[in-house]
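Next up: the structures, one after another.
Next come two complexes, and both contain chain A; in the first it sits with chain B, in the second with chain C.
And now, the complex of A and B:
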């Protein structure tokens, strides 16, 4: 076991609050968990050195950071500063049908429901999920009543000041037929460490629009997860954009717990310098008639490393499932690295499943074509790379967000090391 | 007939190569320690360096852990309950010709349909037959010698061509490579050795048949094929075992060395006993096969896997030389409670190296069939190219089909393409065939054969017929 984990466990043991039953369970599991090494399949390509050597600690000082402004978004802001919820940022008047409450302040009945839900979607195999179970300070419960469509997106921001360690946790429940968009992002200064986990409970016929932005580069260590429990006829559309950092890892689990669930997940990686981003996307088709479509595109430059593991698991009862995964990678530097593993595990026979993965550089002919039209090579490279990613940005349902992220991505290309 | 009844019937099918040959044999008592290895080495009249090599491997093996990453589930193997050497008694004084071979043994091979006797001249295949732990007979040696080709049991090669063996044994699959290969290095008893000299095209197909006969024995054969510059060889391998209630272990190692411009084609039809319908008995097939390609060389692996209770096998190519080519064509069929975790590794090191992977997995009954593969593009592999296609077919709703491809690329100019699909024999396909007057069995067999066609066309003619037939037998009555 690593020193870091030992310290996390001992800190967890000191916490005494409404989540005690779940916290002690997590601590028990952690005490028997082996620290991942290169031989641990889930961490095969992602070394944990950055965590072991981190100087980040849980700080009390409230960071004076403010969430990055997104023009015209007008979101309901849920701001965590060094792991603590900043209530002053939360609007006093929330739309009807939406509640945002600290788990510790819930009425008894709702609180016991929140305890029951806690860690129900997030699988126990996530080591840092267990750490989050044990250490998350302000657990926030977001609830949308049945049949209510919330127009404003909810934005969950995790802000960290230099040297801070934070563990944030949110539970989002959508009632039957409800609709909600959630944006998750992290901003950090210098050497920081954060685990951010969100569990989603999507009731029948509800629709969830989801975004996760991991744009924090540099010495930030970020390990997190988004876990979705989908019931009958519910739908979800998720977009992930990641720039990587010293260590940036995200686990997503989409669980088809009901029939006729439709899930879409698009992920974009743009890695440069020494950055690493690791996405482990798991889809569990536990019930029949579900559809899943995943598109993952990576552009990797500098000495960066992209890791992708896309697992689709079709259970025995999940007949008539349709699942597709498409992973395309562009290597733009001789020192960059791509490690990808699209997995299919299928136990039902009347299903249609396919996955594809490619790795290559920008098409030389296309590059040549643009050059013959008077565009210099570097510029032509940017155009082609951008086109590769832009297809997925176009698919983002929230156009305001799409217009916000587009120039950020464009700027990223202009500094990317290509050789 | 309902699908279930037909599946049950298919499951109840008997294993056709399951007979036991009543041959007097000399078998070591079960158990494994350094003295057993020393005894094996002595029995084989091996030189001192060989014994040292074995003991070194054994010491490494003791430090290793049994791998658990494959998607297979089986009780732990008790390595002390296995006998590591078994030889038909009459082999003690090695036969000089076929006339001296125990007639019972020859009948065994006849039952298996292996043409050991001279009439095989027509078939034009030279055979090295390995029975339990020893190589029984190698045919056509003289004819091959005329061409300069060495084809003999590896135990003989160790004594007669020590320089060649010393140079290449363990050069592709080292002693520390993995748990089962280390065990094999320590206790291997026989196998085939092939050397094709420079610029020579081997005048005939070479073939080995392996059979485990004796109870509680393991088979640990070792095959080493060296194709010198500009040479060409096609090698076939077939395996069977009697029907027994206990699980038997087969842990082989095959090493291929293709020097500049050489080509090796290695084909396997694996039909070890798969166990009964409840998963009792059957062979544990834990095999390491790997080849190295030097400049402009080519290695092509083709496998048809229908047997074994548990298969753990990844024939691989190290594409070291520039412009070298690796190929892997595989059909794996599992039924009953069989478990197969098989695939390949293509390690691209040289410039403009190419690899193709085509696999077809068919699962029926309560079996599990996994493809596990690695395509690795090293920073030096400029302009390298890989294409992978993995298709799975499910027959019945109690089986599983899985795909675990690993892609690691560190070179932007290398192109990797992977695609995988999973489907079942569709009602439309069946309807079309039935409408044309085919009975359900024929229809399924035709559809499956069509599904596997890309792989079968890579097999040598005789094997293609055998493979197709084997598939038909294994599938009989699987679907209505």
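And now, the complex of A and C:
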């Protein structure tokens, strides 16, 4: 076991609050968990030395952190600063049907429900999910009543100041037929460590629109997850946009717990320098008639390393499943690295499941075409690579967010080291 | 015969793809304002010649010279050829998802302007010109926002090529089987687009398998290409002759070389 994990366990053991039943369970699981090595399949390409060497520690709240402004976006802000919820940022008047409450402040009945739900979507195999179970301080419960459509997105920001460590946790429940958009983002300055996990409970016929922006770079270490439990006829559309850092890892689990679920996941990542980003996306088709479409695209330059593991597990009873996984990777430097692994496990016989993974340089024909129109090779490369990412930005349902992220991605792309 | 007023002079060019020689002694001289049709059977090297002129990678010129506007074309990069005024309308234009047509047009127009020492075009001016060009080739304006050629039908792709030609105002347009796969209405549209651009300082090479397009675009010269070289040249009436006789006669007249 690593020193870092030992310290996390001992810190967890000192916390005493409403989540004790779940925390003690997590601590118990952690105490028997082996620290991952290169031989641990889930961490094979993602070394953890950045965690072991980080100097980030749990700090007191630093008040001058403010969430990055997103032009023209009107959101319900849920702001964590160094792991603590800043209640002053939360609007006093939320739309009818939406509640945002600290778990510790819930009424008894709701609190016991929150305890029961806690860690029920996120699988136990996520080591840092267990760490988050044990160390999350301000667990926030977001609830949308049945039939309510919330127009404004809820934005969950985790802000970290230099040297800070944070563990944030949110549970989002959409009642039957409810609609909600959630934006998760992390902003970290300097050497920081965070685990950020969100669990979603999506009731029948509800619709979740989801975004996760992991744009933190540099010496930040981030390990987090988004976990979705989908019931009958519910739908979700998720977009993940990530840059890399010393270590940036995201696990997503989409669980088709009901029939006729429709899930879409689009992920974009742009890595440069020595950055690392690792997406482990798992889809569990436990019930029949579900649809999943995943598009993962990354551009890797410099000496950066991208990891993608896309697992689709179609259970024996999940007949009539339609699942598609498409992963396209583009290397723009000779020293960049991509590790991609689709994993299909199919136990039902009447399903359609397709996957494709490609690692390629830009399309030579397209390059030639642009050159015949006067555009030089270097600029043509930029245009084509950007186009490859832009396709997924175009698919973002929230156009305000799309127009916000597009120039950010373009700016990053223009500074990427191509060689 | 070439003289210093020629826009394009191709002399005894031999060219290969992957070490297979396709062009075998090609000669052509084009003066400003002329329209030349190149016809010939499949496999004669019609498209290859367009790619050679554009500078496509893998199309190696083994010998011969190509002079464009007094400069050695073979020494120029693909984009330099475009900036100098050479335009190839593709038979099968490539689809580029994620790059909008308008964005692509802006990059292209700006690149060519920059190479010629001009300021970039303003977005509003470009939009205005692009809208006019779309109207002229009957391409819905919505296509400006779509990915380049993405999901366009064959005819729409051809019209998109012409739209680019209208915006880039090249000095030499090579239309590579722009008529293939078009119905008669689309064909007329293409012809009108081309005819509207005919001018004393702009030349065209119209590459086609069929005579039909030449009913609408009247060429000054017609050349027959067979096995990598021009075997017969004449005026517009040659196209009609080919239409009635097909290309079979080439086999029997293989050894005959007639200068136009």
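Points worth noting:
Just so it is clear, the second predicted complex is superposed on the first by the 417 of 419 C-alpha atoms of A that agree within 3 Å, B and C clash if a C-alpha of one lies under 4 Å from a C-alpha of the other, contacts with A are read in each partner's own complex, and residues count from 1 in each chain.
In this text, contacts are C-beta pairs under 8 Å (C-beta built on N, C-alpha and C of every residue); 3 or more make two chains touch, one makes a residue touch a chain.
Computed from a prediction, not measured in an experiment: that's the story for all the values here.
Placing chain B and chain C on a common chain A by superposition gives a fit, with no clash between them. Contacts of A:383 after superposition: chain C is touched, whereas chain B is not reached.
By the touch criterion defined above, A:339 reaches chain B but does not reach chain C. Once the two complexes are laid over each other on the shared chain, residue contacts for A:370 go to chain C alone; chain B is not touched.
Counting residues of chain A touched by each partner, chain B versus chain C, the larger count belongs to B. Of the two partner chains, neither chain B nor chain C is touched by A:146. When the two complexes are overlaid on their common chain A, residue A:349 makes contact with chain B while staying clear of chain C. When both complexes are overlaid on chain A, the residue A:400 reaches neither chain B nor chain C. In the superposition on chain A, A:391 makes contact with chain C only, while chain B stays out of contact range. For the pair chain B and chain C, the minimum alpha-carbon spacing after aligning on chain A is 15 Å. When the two complexes are laid over each other on chain A, chain A has no residue in contact with both chain B and chain C. Residues of chain C that touch chain A in their complex: 54-57, 77-79, 81-83, 87-88, 90, 93-94, 96-99, 103-104, 107-108, 111-112, 115, 147, 164, 168. Chain A makes touch with chain C in their complex at residues 363-366, 368-377, 379, 383-384, 386-391, 394. Chain contact summary for the complex, chain B toward chain A: residues 69, 71, 377, 379, 392, 394-424.
Contact residues of chain A toward chain B in the complex are 41, 45, 316, 319, 329-361.
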